[in-house]
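Okay, structure first, notes after.
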Amino acid sequence: MSARIGIVTFPGSLDDRDAARAVRLGGAEPVALWHDDAMLRSVDAVFLPGGFSYGDYLRCGAIARFSEVMGLVRDAAGRGMPVLGVCNGFQVLCESHLLPGALVRNAHLRYRNRPARLRVETAATAWTNAYASGAEVVFPAKHGEGRYVADEATLDRLEANGQVVFRYLDNPNGAMRDIAGVSNEAGNVVGLMPHPEHAVEALTGPSTDGLGVVASITAYLNEGAAR
Amino acid sequence: MARVVVDVMLKSEILDPQGEAVLGALPRLGVNDVKSVRIGKRVEIEFDPSVTNAEEQSQIIADQLLANPVIENFTVSVLSEDAV
Amino acid sequence: MARVVVDVMLKSEILDPQGEAVLGALPRLGVNDVKSVRIGKRVEIEFDPSVTNAEEQSQIIADQLLANPVIENFTVSVLSEDAV
Amino acid sequence: MTRQMLDTVGVAEATPDEKQPYAELGLAEDEYARIRQILGRRPTQSELAMYSIMWSEHCSYKSSRVHLRQFGEKNPKTPRLLAGIGENAGVVAIDEHLAVTFKVESHNHPSFVEPKQGAATGVGGIIRDIIAMGARPIAVMDSLRFGELSHPDTARVLPGVVEGVGHYGNCVGLPNIGGETFFDPCYQGNPLVNALSVGVLPRERLQSMQASGVGNVVILLGAKTGRDGIGGVSVLASATFSDEDDSDSRPSVQVGDPFTEKLLIEACLELFDSGLVEGIQDLGGAGLTCALSETAAAGDGGMHVDLERVPLRATGMEPHDILASESQERMLAIVAPANVEQVLARARRWGLLATAIGEVTDSGRLVIDYHGQAVVDVPPASLADEGPVYHRPIAEPNDLGLIAVDRAETLPRPSTDEEIRRTVLDMAASPNLCDKSWITEQYDSSVFGNTVLGTPHDAGMVRLDERTGVGIAIALDGNGRYARLDPYTGSQLALAEAYRNVAVTGATPIAVTDCLNFGSPEDPHVMWQFERAVTGIADGCQKLGIPVTGGNVSFYNQTGSEAIHPTPVIGVLGVIDDVSRRIPLGLGQSGDTIALIGTTGEELSGSEWAWATHRHLGGVPPKVDLDHEMKLAELLARLAGNEQLAAAHDLSEGGLAQALVEAICNAGTGANILLPEGADPFTYLFSESTGRVLIVIPRGQELAVRSACEQRGLPITPLGVVDANTDGLHLRDHFDIPRAELEAAWKGRIAAQLGE
């Protein structure tokens, strides 16, 4: 049976359909989750897509944190369920304290849309195990508030624990230590600013590298099932 | 050293979608008695100790740079003027 | 009716590129004596007249929603508490 | 009169001699007289506000209507056209299941006053037109014109406009798939911001704006109503209550809330899919006034509204304020009584306000009550359809003869290889030809995952259906300079360019939308330009066999007596059966052949070269040959279908030189070019003769492509080869320009000029 990946739609989510397409192209089954529903529909993993949840009006992701579904996601993540947040989804995870740090206004103050070259720093997460550590991938990066910040002690800890998952090769936003994506300590929760779900078809994306994310979660879940 | 605060708020007749979004989220925190939320900018300006006309200069900065007169109002307040 | 203002500012150790940009633009206005500019948010909350614990509620709102403790500090001030 | 006393229909009847500020509201004396005649009494304040808005140039098209009729008369008949001019946006069939709706609209003046919000709400407004047809908006485009790039006010207007276009589109989740950016001093005080949106719908989901079915409920969806953009109508307040000048009653800028717009999109689509609405209309320029009168007039002719039910954002709003407000992100739905509960529930689920404010009647009148008292009682068609029609005087500008003989072909030209080489670089760095990434990087181009071609391609292309691969391409083009020289030819040049830009992607053009940006219609010279431009477009579309499906007129783009160049902006929509067969911009692979289709004449008048190097505008614009354009489009579609082209690029401003620069800068390889025997290098590189396309032919296809051209009588000239070993541009016997030097010239100009 293929893995069931829940994709959350908040009011203002934009990439929910695209995330579902990526999941489908990667051979898993997308399951729509609604922000206001108090159920996770027995999904095996959760994907928080990009967009502007609640308009991103106060701070990106700040209001989405209070949704019904995030309460469930927080509990499930605590029990080890894999959770991925992309762009706005990453912001929601940071605001929900499921991931360390915060995402603030790009240093150059503009929204910028460019393909980003990234290095996969660790394959030891639920969402990156299909890549080789150190592999180079290209995902579109497009955001106005994607500069990753945390205090120095936190950054040192992330580096030491192998929680820096993706690093920019050409830092597009001033992120500290070129960080594009991080994980929690257990490695089941991952967030990144660039969009793997927009790099799944040669026809529409700068690469098809994003399929690796779906391959990773599928492999991770299969392995779990086998155990 | 002079510290000045410039508060920039949207004019009352201008839609403030940020404020509306926060207002809409408050019930989720269990807060139900708020009538309105408006969100603006707070700008803290720190002048060189030698400056004596910090307020005047801040007026200029606020008027020309910090506020967009078409949609925003501002107020200038001097926090401390202990210039030598 | 109770009106409360919550000021939210980036922590001092967090780079504020918007403030830097304003600072950088000041010489063009002929202002050269500014040492620093920091830009934050000013949130004006208006409670229902019946509310008696506006300050307390504002603390909660600020702490949980208006400010992100990883990067921001906040202060709450009650402007008028002429609730009946 | 005091604020407490409502100007009701009864009061109006009782006080026939009350002085009314109709002139301040922009109504002529005879128009006011006609209103009195229609009503058989003086209008109430609210009615006066409604007539002044609906009979304004913006809403009634009173100066343009007599000319725009040509579109209807000359439009080729095509079974593809499911809805045309007069609807919120034209709808064209794509295949037996899908249809597409698209339209371009201006938001020029608001974007000058408040660039960011003006541009943002321009995008928001055009998106709602698309929703109103029953479609899901799937992309946006923007056509922007500013004063000189180096002018200080451009540094205010341009970043604001771009931020507004980007912010709104990005937040509402629509990819920006292209547009144009043009600088000319004539736009200094009148920047042009034209926004296009396109949407897709299953054919059976097409919606109408009719308020029919007596007893059906009128529901207002979306944002609360505030004092936004209550332009002229504030006169009513000031004229009547002169002693009370609080800032609250001043008209204000409209602020966009893309988040609410996104909720409107999703909620409306759910309502359509569940068959819950009978009619739908967006609230645009004239707010409730327009939506109520248009839906009522299009339906059974009667409607009753309780205005106090409209949710308000501001205090102290009077009935005429509520009716005139241009608050954004609102729609009006007509719903059967049995469905009202469901509609309200769906809206609630999306966190969207929805309020029943009235119902359809068979009275033949639009009756609006405010707390039980009638403030409006009018025949709705008198507002919506029976506005004044002007036959404005027309006169050819007297300077045209002089301008025509002042030909750019006589200007001094670069002659040595070094001078020509320098010119290639200077032109590439000129504001109109330089790379626009600083702008387009602020736009999301890939959300939805269906963008097949976006910036910097000649046209944007999106996939409509993942299973069949069917897609559409759209290009948006205009050239005010050509139109200034000759508005008839100029508008056809814009049409031809947009048509060709669609064709070079491999798509087949099928429909047109247009935004006509002009000066004051009260100036007979401007009216002449307008008439010529409309005729040019109508004739051109008739010839090309593609209908004009809708558009927008923007007059009064002038400062004092100085009008902008007449600037028709044309959007052409094309269809492609399989988007994987699209032709990209670029250079293909090393060893591929580079060739030019079309004929290069000596046509430099109105060209970018004449302007950029001599600040010259004179002569007659390049000739248009629409027969040729049709053959060219047919050829390109065929070659794309056969996968016989590796790349293609339309030649436009800047001619062959600029097309080569762009192709090289968007490819990893270089171009090794040999100009044809006897060609004058300068003319060949910089002439702006139309109907030309630079193509790249994969190895082994040269003969097939050549014979396909010859069969159609299309001249093809081999120009050289793609060469991995050539660095940048190698023009044999003349000069080399290494890639680094080309890119340094072409890129970064806008950022540098804006100090970033």
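Note that the chains take the letters A, B, C and D in the order they are written out, and that residue 1 is the start of every chain.
In this text, a residue touches a chain if its C-beta (ideal position, glycine included) is under 8 Å from a C-beta of that chain, and two chains touch if they have at least 3 such contacts.
Treat the numbers as computed from the prediction; the structure is a model and nothing was measured.
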**OP:** Could you tell me which pair, A-B or A-C, is linked by more C-beta pairs in contact?
**Re:** A-C
**OP:** Could you put a whole-Å number on the gap between the CA centroids of subunit A and subunit C?
**Re:** 30
Subject >> Between subunit D and subunit B, distance of the C-alpha-averaged centres to the nearest whole Å >> reply: 37
Original post:
Per the centroid of Cα atoms for each chain, what is the distance between subunit B and subunit C, given in Å?
Top reply: 8
**OP:** Find every residue in subunit D that makes contact with two or more other chains and list them.
**Re:** 257, 259-260, 351
Subject >> Interface hub residues of subunit C, defined as touching at least two other chains >> reply: 65-66
**OP:** Could you list the positions in subunit A whose residues touch two or more of the other chains?
**Re:** 54-55, 57-58, 63, 66, 108
**OP:** Could you classify the connectivity of these chains, where an edge means two chains touch, as line, ring, star, complete or other?
**Re:** other
**OP:** Note which residues of subunit C are touching subunit A in the complex, please.
**Re:** 10, 13-15, 17-18, 21, 65-66, 68, 70-71
Subject >> Of subunit D, residues touching subunit B in the complex >> reply: 113-114, 117, 223, 226-228, 247-248, 250, 252-255, 257, 259-260, 313-314, 327-328, 351
**OP:** Mind listing the subunit D positions that touch subunit A in their complex?
**Re:** 163, 166-167, 170-171, 173, 257-260, 262-263, 349-351, 440-452, 463, 466, 579-580, 756
Original post:
For subunit A, which residues count as touching subunit D in their complex?
Top reply: 11-12, 14-15, 17-18, 21-22, 36, 50-52, 54-57, 108, 110-114, 140, 142, 144, 195, 197-198, 200-201, 203-205
**OP:** Write out the stretch or stretches of subunit A touching subunit B in their complex.
**Re:** 54-55, 57-58, 63, 66-67
